[in-house]
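Note that chain A is present in both complexes that follow, paired respectively with chain B and with chain C.
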Partner chain A sequence: MEVEKEVKNKVLFVRITGEVDLKEADRLRREVDEIIENYPVKDIVFNLKNVNFIDSSGLGVILGRFKKIRSLGGRVYLASANEKIKKILELSGFFRIMKGISREEEVWEEKTHEA
Partner chain B sequence: MKHNYFNLTIPALKENIGLVRVVVAAFAAQKDLTLPELDDIKVAVSEAVTNSIVHGYGNNPGEIKVNGYFTEEGMYIEVIDFGKGIELEKIREKMVLDPEDEHPGLGFLFMQSLMDRVEIVPMERGTKVVLFKRILKDNRTV
Partner chain C sequence: METKIYPFARRKSNVKAREVKRPLKKLKPGDIIFPVLAFSLGRASLAGDLYPFGPAFLGAAVAYLGPGEAFFLFVFLLLGHIFVLPERYLIYKFSQLLVLFILAGILLKNLNFKKKTVVLPLVVFGVVAFFGVYFDKTFSGTPLDFIKIGLEASFSAILSVVFFLAFPALKGGPGRIVTGEELLPLMFVIGSALIGFPGFFLGPLEVKQTIIHLTVLLTAFSGGPGLGAAGGAVLGVILCFGNGLPLENIGIYTFAGLLSGIFRQFGKIGALIGFLLADVVLAFYLQSLSAAKGLAYQMLVASGIFLLIPNRNLDGLKEMLDSVTRKFQLFMDQPREIARERMNECRELFLDLGNSFLELSATLGPEVIPEFRIEEVVERFPKETCQNCTFIRLCWEREFFGTYHALLEMLTILENKGQLFKSDVPGFFYKRCLRIKEFLNELLFTFLMEKEKSRWQKKLYEEEQLTKSQLKGVGEIFLELNKALDLDFVYDQKNTVKIFKRLWEENLPVETVLAKPAGGRGMVVEVKSARCSGTRPCLNKIPVIIAEETGGEFVLQQKRCGQADGGECHLNYLPMEDLEGRIGIGMAGKTGEKVSGDSYRVVRYSPGKLAVMLSDGMGSGELARRESNACLLMVERLLSFGLSPQKALEAVDALIRLKNRQERYLTLDLALIDLISRQVTFYKRGAVTSFLKRGAAVEKITGGNLPLGSGIELKPREKRQILFPGDVLVLMSDGLLDALGGEERVVKVLLEDNDLSPEILAEYFLAHAKLRHQNVITDDQTVIVVRFFEKTRSEQIVR
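Then we have the complex of A and B:
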């Protein structure tokens, strides 16, 4: 798993490549939390375009960050999931609590509506 | 004709979850399964092995056995640990998504949803999870 992080206008983009299972979950959690704690982050966009495997361990990390961000008044977006990942996200009910977007840039449109 | 099978024994290390996924997917690919079906099997197996490591052994050292075999009906994958065992009641309670819980029991939900049958067998010591995927005869021919 590789993780690329970028903070732009208080939105943290987390671009994940590879497989996210128990082996990688702790590192993903640490890497995201480090940014949340040290930079002004309001919302998070998880870009899942290049994720080719995720299970409940990976989803647990996303859910944990969702709780954190929500308690601070922010939102979590799930961007660019392919069909296989989308199926898992749908089964888990994540789209009921987090917003799915087809490209990460769409977060700016979402935020315009919010304002 | 003798049906194919495999037996795999691994230490309960999280590095091995991906290994089991690859082995099971390669085994399953001997049959005419679609790519989405293979993906479903990989997630279900990943959850079973993760449960053994995290709940069975509580992240302590242990051994996990993974057995796979085909029957006339389909494919069986058994994931066996010799850890502290799981309480079936707890699993049922945890099947509901709880946003306050970082480990929301999604693993069992995935196994149930992605496989055709899931059996959780408490043993004297440890737990056996049996996953079954139906394989239709002449899957690809009309």
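Then we have the complex of A and C:
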């Protein structure tokens, strides 16, 4: 699994490539938490375009980050998930608490809309 | 900030206290009965010379009611005496009663009921004898006088105990159950009072005799032949000795009570016929014609009054004395009341604990989310470097704005680039500052300090939020337990008594019966009986009787007979179930793991209710298995306890959150099947789709709820379906669904299924998944298949 992180205007973009399973979940959690602690992050966008597998551990990491960011007053967005991943996220109730977007750029529109 | 631990702060009500007006005291039956009894007993005498009833009643009243309430009766007793005793005796009697009143009040004050029955007669005997010897002017020391005093004192003593035993029933009033031990003393009280009742005639009718007949009739009708005969005998004896009635009246009253009690099963008319038959036969046989004529008038009037008493009141009287109802009410209500009290105490405790934890969680942690702000770094910049610089006033006072702005600029660069060079310093500031190198170092140091401080503040804030969430979880669990304990220990008293009576009447060896509601619909009947001799009434007779009494069809669902149960049979009768489910389960652990991280349970958690559960722990292996198994066990326990499924899942969610530092969540796929109403309800938490096949169609059941342990409050979605015989329900974990190739493939398999047994279908799913991945299992796989069929009566009965 590869993880690319970028902070732009207090939004942390996490671009994941590969499989998010039990082995990789811990690393993903650590890397994202490090950014949240050391940078002024308000919202997170998980870009799942290149994720081909995610299990309960991976879902747990996203859920955990959601709770963390929510406690800091922010939001989590799930971007560009393929149909299979989208189905898993839907069955797990994730879209009831996190916004699904088709592109990263949509987050700015969402934020403008919220403002 | 003040932190309250315990007790929690009570909400203040805005309702102002108003002056409470005391309601007028309601007149109770005892307020009339006791004075009337006291007055009558004051008048009553034996052989016209002995007056044991007054001191006996007064002593008993002081012993049971206390001097405060007994004083009132003291006055009425004296009134009764005034009406019958010559003047010269009044002072003597007054003194006797007064001393008895005071002495009994002192000596019996702190004794328990049993000790009072011992001390009271001694006190009464002592006082009556003492006064008789030393203060009775007619006492002259002859043997006859001693016998007279001795008799009066003895009767007083004996009667005082008898009256004392009657007081609980007298004080209890209508509606109170009268035990056998209280009934005969009660009859003594009534009989003794009747002695003192003034005898007067209404034409040919002697009123006192009429009342006696009516009392015998009421006792027989309410208590049956035994009590009727005993009551008749007691009244007869007392009145014969007290009022000098002919001794044959004892026999007449006793026989009338007996026959009336026997015939009471035919209702009021039956009891009356029995009563009249006995009276008429014996009266004509034992007495003169004129006496018999007088008796006939009294009997007819008493019968008329008896017929006019409303049935409601007679039934109430019957219930008071009915040994069956009494046995059951005492048997059931007392432990029920005790259990209810204890549950209420537990509830209150859980409520207090829950509120304490919630309040603690609310007060914990700062309100404001900590954020790192560059402006704060500027404000906190210590300016150590500038302390001895000649330009300090220029930079920090005259041109403060410029300095501030330059600092902001430099800090922004520092934050973005992570480092700061001389070239990053604004030009005007660089030219002015004499100690630029030290200044930049100090700035960097301050920035890093503040950043680190902010980082730890954030961490602390997160920890406090987690603790808050955990405390809130604990508080919520306690509150759920408080609500869960808001279950009355209910049982269906009416049906319990009806069934018990019928079984008893049918001469079945039943010891106890308990009919209780089962999940808000239907009823469970638990019967405990002695072992039969092979006749098996548990199968042949008892279900029929239960069905006749309740109007529903019941079958024996559970039976325990044997030495282990003390030679008794414990039988559970439940309503007939319409459906039964045949279960097939398949499980395969991830390749390389010793155990699967999935867990399942199929249990009957309540009569007629089946729970089919599947949980997928995070990851795989032993830890995941332990967590998922613990989750299912807890859900089962809470459902069996009586919690609604929603509340059970909330409680489990809160429990998982308590240890969620590791962020471990659990999925749950729960199908609750009501086999009587043929309904299934699905509760999914992060679980994949389930499937319900009916005929040639397969319905997909999805959830869309977060996994357990998330702690995020969302309105959960549940789905309900009606079930039919032949339906097939399939629950599976995400590992299997994925391995099979998705939902459509599962639908295809189900549609192709030609009535395979659930066991084979489950195995088929696993084999198919293995085949598709060259026997490599990439994630734990579990499937539960339930095929429903109609349950016949014979299938439901336990043999």
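Heads up, the rule we're going with is that the second predicted complex is superposed on the first by the 115 of 115 C-alpha atoms of A that agree within 3 Å, B and C clash if a C-alpha of one lies under 4 Å from a C-alpha of the other, contacts with A are read in each partner's own complex, and residues count from 1 in each chain.
Throughout what follows, a contact is a pair of C-beta atoms (placed from the backbone, for glycine too) under 8 Å apart; a residue touches a chain by one contact, two chains touch by 3 or more.
What you see is a predicted model; the values in this text were computed from it and never measured.
S.K.: In the superposed arrangement, which partner chain does A:K8 touch: chain B (first), chain C (second), both, or neither?
M.R.: neither
S.K.: So, does A:S92 touch the first partner chain B, the second partner chain C, both, or neither?
M.R.: After superposition on chain A, A:S92 lies in contact with both partners, chain B and chain C.
S.K.: For A:E19 in the superposed arrangement: first (chain B), second (chain C), both or neither?
M.R.: first
S.K.: Would you sort A:D55 into first (chain B), second (chain C), both or neither based on which partner it touches?
M.R.: both
S.K.: Would you sort A:R103 into first (chain B), second (chain C), both or neither based on which partner it touches?
M.R.: Touch partners of A:R103: none, neither chain B nor chain C.
S.K.: Touch test for A:R30: chain B only (first), chain C only (second), both, or neither?
M.R.: Touch status of A:R30: no partner.
S.K.: Considering each complex separately, which residues of chain A are in contact with chain B in the first and with chain C in the second?
M.R.: 22, 55-57, 59-61, 63-64, 67, 88, 91-93, 97
S.K.: Hey, which residues of chain A end up touching chain B in the complex?
M.R.: For chain A paired with chain B, touching residues are 19, 21-23, 53, 55-57, 59-61, 63-64, 66-67, 83-84, 87-88, 91-93, 97.
S.K.: Would you mind writing out the residues of chain A in touch with chain C in their complex?
M.R.: 22, 29, 36-38, 40, 55-57, 59-61, 63-64, 67-68, 71-73, 88, 90-94, 96-97
S.K.: Considering the complex alone, what residue numbers of chain B touch chain A?
M.R.: 14-15, 17-18, 21, 36, 39, 42-43, 46-47, 50, 53-54, 97, 99-100, 102-104, 106-107, 109-110, 113-114
S.K.: So in the complex, the part of chain C that touches chain A is made up of which residues?
M.R.: Where chain C meets chain A, its residues are 369, 371-372, 451, 455, 458-459, 461-462, 465, 616-620, 663-665, 667, 684, 686-689, 702-707, 710-712, 714, 734, 779.
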